[in-house]
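Next come two complexes, and both contain chain A; in the first it sits with chain B, in the second with chain C.
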Partner chain A sequence: MQTRPYFLTLLFLLLAIALSVAVGSVFIPPADLWRVLTGRPPQEVTQAAAILLDLRLPRTALLLLTGAALGGSGAAYQGLFRNPLADPYLIGVASGAGLGAVAAMSLGWPYTTLGLLAVPLAAFLCALLTVALVYSLARLGRTVPTTNLILAGVAFSSFATALTSFLMLRSQDEVRRALAWLLGGGSVAGWGAVLAMLPYVAAGLAGLLLSGHTLNLLQFGDDQAAQMGLPVTRAKTLVLVAASLATAAAVAFSGIIGFLGLIVPHLMRLWFGADHRRLLPLSVLGGAGFLLVADVLARIVLAPQELPVGIVTALVGAPFFLWVLRRAKGQGIW
Partner chain B sequence: MIRKALFTFVCLALLAACAPSATPAPAPSATPLPPDPSIVLSDGLGRSVSLPGPAASVVSLAPSNTEILFAVGAGAQVVGRDLFSDYPAEALAVQDIGGSMGEYDLEAIVALQPDLVLAQAGGFNSPELIAALEGLGLTVYALPNPSTLEEMYANLETVGTLTGHVQEATDLVAALQARLAAVDAAIAPLSARPSVYYELDASNPAAPYTAGSGSFVDQLIARAGGFNIGSQLESQWAAISVEQLLVADPMIILLGDAAYGETPEKVAARPGWETLAAVQSGRVYAFDDNLVSRPGPRLVDGLEALVRLLHPGLLP
Partner chain C sequence: MLKIVNLSVSYGPRRVLKDVSLDVGSGEVLALIGPNGAGKSTLVRAASGVVPVEAGSVRTNGDDLLRLPAMERARRLAVVPQAVALPPAFSVWETVLLGRTPYLNFLGQVSARDEELARSALARVDALDLAGRRVGELSGGEQQRVLLARALAQATPILLLDEPTASLDLHYQVSFLETLRSLARSGQLAVLIALHDLNLAARFADRLALLVDGNVQAAGTPHQVLTPELISQAYHLPVSVVPHPLADAPLVLPD
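Take a look at the complex of A and B:
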């Protein structure tokens, strides 16, 4: 096993974490940072401690999990659908979550703990429900043709997005809140959100990391894979469930962060090859690092204004990806 | 039989519960306690907010909140304000704590260590944001989003209480009420009610947005002796089709979107609009939308500005 790709990606992730913790609108001297993080905050840095422990660290953790979920799911979907345009939202997770979240907002829940949980809960459930619906619509007898899945997903996504827009127009008081959620970001989530999404993301990613060999076999096509002894429908369903679980949990708390799940797997494939046993873990690590870097940019570019991180991932990610693509021309990445 | 007895018992018990209590209310204590400086108020989200005393430092999360704080004399206590707070001019010197797309700079707010964060309920500040600020140990009061002038007055008094400017707030409300009464008295004898089209946004000139029923614009136009042609529309921010507008043929057009570059000349150049009475008589005016869109004391300024445009010469 080659260890260099893992070493490089892990190094990038660690740097991204360090950057994410160190950079913010309030400057905290490195010495204070270290003292707070090592659990020895003296009296005079209690404010730095509050900013670090209650704001930056939960945000870093939330985005780390989100980026990992999106990167891993993106790699799995691209492999599963054998389509370079696949991303974690392809079969409706994002549009379903968006519909659930905006519906919960427009219902105007009262200000209670349950009321605050209503939005992520509705987003999570609607995301999973959408995937289940798309899956059952795409099912033909005992098989689930990939093309059917994509088409059903795209059609249902359009439907859900239209319904979301309609709800937003109807409930004008909630437009700002809805828009902020739809554009993605985790600035107000706190440790509660991290703990709530952790089990789903962990379970989903564990399922994906075990599916590397399955995805490698699926690259030969469903028939070939079946001849090689793979229970094709069951394997596909497992990948779909794992990826949807991780993505739905991420989207429920971080909103819809676009583009990351599309390009991170491509970058990893471009640099380190297409073997899914390696591509999946690398995309998990790379996705987490990429989102953290994008978030640092979102915080400092227009400080004290914070950009929704979903804007930055595409705004910075797209040119970067195009640059990598140009340099790699002739090599072929797919 | 048992059931009947039970029923009687329940009825008696209910009667007893409804009967006026015989115990007298505790007599007011003879020696008055020293005045307790602590403040407990219910906010626009139904939360009970308590402060040990008037807040000496406040962060405002909405332009209307900033305007109210300065108007009740608490301007010097404002240590942070959102990006959109641009009035009064002194507010611009206060530290900007963000607020574009609903995203505030929480680190900066924590670093300011304010006694109070004055948020706005009703869509401007999300409940998630308020919960997050509370989670950081800050005291947050979400001012209710008023739908009438009376509710706006109540907000002025609330902010006066929270910041220790009760008297100034009371005086301010009295002054605003006097100006309002003067407008009402001047309008009452008039019989003509000019029709008004108030434009909020004409990014799509075929279906511009106007202020519908329930909005402050709608209420203030009526109070200023006009008829808002948008009052038939249900939404506060409602798209009106140009066809409807041509049929309604408003006598006056107010450009609340003047800040986005709309001018009377541009309106006259829109296809079909040249036939409107307002365009032909030249009664198309730029209007400062901040006077009628921010639920603060300047709503009364907005009312007077409307009267001056609708009924020139009526107010001194």
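Take a look at the complex of A and C:
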């Protein structure tokens, strides 16, 4: 097994974590950081310790999980649909999950323990429903043409987004929170959110990390995959459920963060090859690192004001997306 | 070795295969010929379990392949599809190793023996030197060889091929079919190959089966099947059949 890709990506992630913890409206010197983390905070750094433990670390952890989930599920969707343009955002899964989450919020389920469980669950169910709906709408006989899939996804996405706005306007009190949430960011961070998110992301990513071989086979089409011995329907369902679980958890806790799920797998494929057994874990690590860096940028560009991280990922992501679109015409990276 | 018994397939109300029965022995190459839309590809897909079958069975050694789980079936029967729309970024080596899937766990971890078999499969189609290349960089003929190697890596006694020579030039067509025939002989494989070109079919197959509108119109040696009457009728085109000047095979020429 080649270890260099893992080493590089892991190094990037560790640097991103360090940046994410150190940078903010209050700069915490690395030395203090170390002392706090090793549990020996001297008197003068108790304020730093409070910032670190109660605000920064949970935020970092939440974004890490979110980025990992989006990177991994983006790679899975691209592999599953055999389409370089597929990502949770484009085929409507994220918008569906957002609709579910806002619906749950507008019913007044707060971020109590029950709310922490209900919001991601609603997001997950809506994400699955969206996939099923978009997939069946795009289907022509036995095939699911890519253009149909994306058109159906974009159309449903607009519909779900409109419905989401409608729900948010109806439930006045929740609007601010929901809006801030929807733009993406660690605004609901806190250890409670991290713990509530963890099982969803862990289960989703575990399913995805086990699916590398399946996705490799599916690159040759359903027929060939079956002829090589893959139980196609069962395998595809597993990937779809796992990816939607991870996406839904990301959306439920961090809002809509576009383009990350598109970019990161492309970069990993470009640099480290198309083998999904490698591509999936690398996209998970890379996605986490990418989101943390985007969040650091979001915090410092207009400091002391914070940009929603979704804006930064889209600002970087949209030009990249256009570039991929151009390259996808040739043989390129796909 | 391979016994297709009364196979019927419908797409919606349209019956595409009607009670098709064919036998292919070990070491034998049976070419499936017939006009476009006669059901050749459907037969290959149905026999490999990827389109639902209305009635009939596909037997080998007493097993009905259609009733086996995909993985069990893939240990007995491998398919060489047409080399179109292959994922370009995979390497030849990764592609051929995927042929070992029916013997791997679901993580796809390969053993030294799997690698050994993949290497020997590549060697048998004369493509060992391609191993490190990306599939997208290869010519059509090379890609087709890689897919044959992938099927050989599946180590099955039965091989089905769906018009593998359709997009190859004459040189690649002949060398591909020569390779295939010698593999069938040396490995005692039962080979069923859908072919467009009647003359190549006559030249390289032991027997032919003529499929028209989902029915087996005729089956037998090239001389028995490639008669002016049968071919004219099947293709709605007047033809003459003349002997090959050098080999013992008929040649079909449109009038």
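Everything that follows uses one rule, which is that the second predicted complex is superposed on the first by the 249 of 334 C-alpha atoms of A that agree within 3 Å, B and C clash if a C-alpha of one lies under 4 Å from a C-alpha of the other, contacts with A are read in each partner's own complex, and residues count from 1 in each chain.
In this text, contacts are C-beta pairs under 8 Å (C-beta built on N, C-alpha and C of every residue); 3 or more make two chains touch, one makes a residue touch a chain.
Just so you know, these numbers come straight off a predicted model, no measurement behind them.
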First (chain B), second (chain C), both or neither: which does A:Asn148 touch? neither
Partner chain(s) touched by A:Leu55 [first = chain B, second = chain C, both, neither]: first
State whether A:Ala274 touches chain B only (first), chain C only (second), both chains, or neither. second
Classify the contacts of A:Asn83 with the two partner chains as first (chain B alone), second (chain C alone), both, or neither. neither
Between chain B (first) and chain C (second), which does A:Ala226 come into contact with in this model arrangement: first, second, both, or neither? second
Examine A:Thr161 and indicate which partner it touches, taking first as chain B and second as chain C; both and neither are also allowed. neither
Chain B or chain C: which reaches more residues on chain A? B
The intersection of the chain A residues contacting chain B with those contacting chain C is none
Could you pull out which chain A residues touch chain B in their complex? 24-26, 47, 50-51, 54-56, 110-111, 115-116, 119, 172-177, 179-180, 183, 185, 187-190, 302-308
Which part of chain A faces chain C closely enough to touch in the complex? 82, 210, 212-214, 216-217, 219-224, 226-232, 269, 273-275, 277, 331, 333-334
Chain A-facing residues of chain C, complex: 45, 48-50, 69-71, 73-75, 77-79, 81, 85-91, 94, 98-99, 101-102, 104, 106-108, 136, 150, 154
Listed in rising order, the residues of chain B that touch chain A in the complex are 45-47, 83, 96-108, 110-111, 113, 122-124, 126-132, 135-137, 145, 235-237
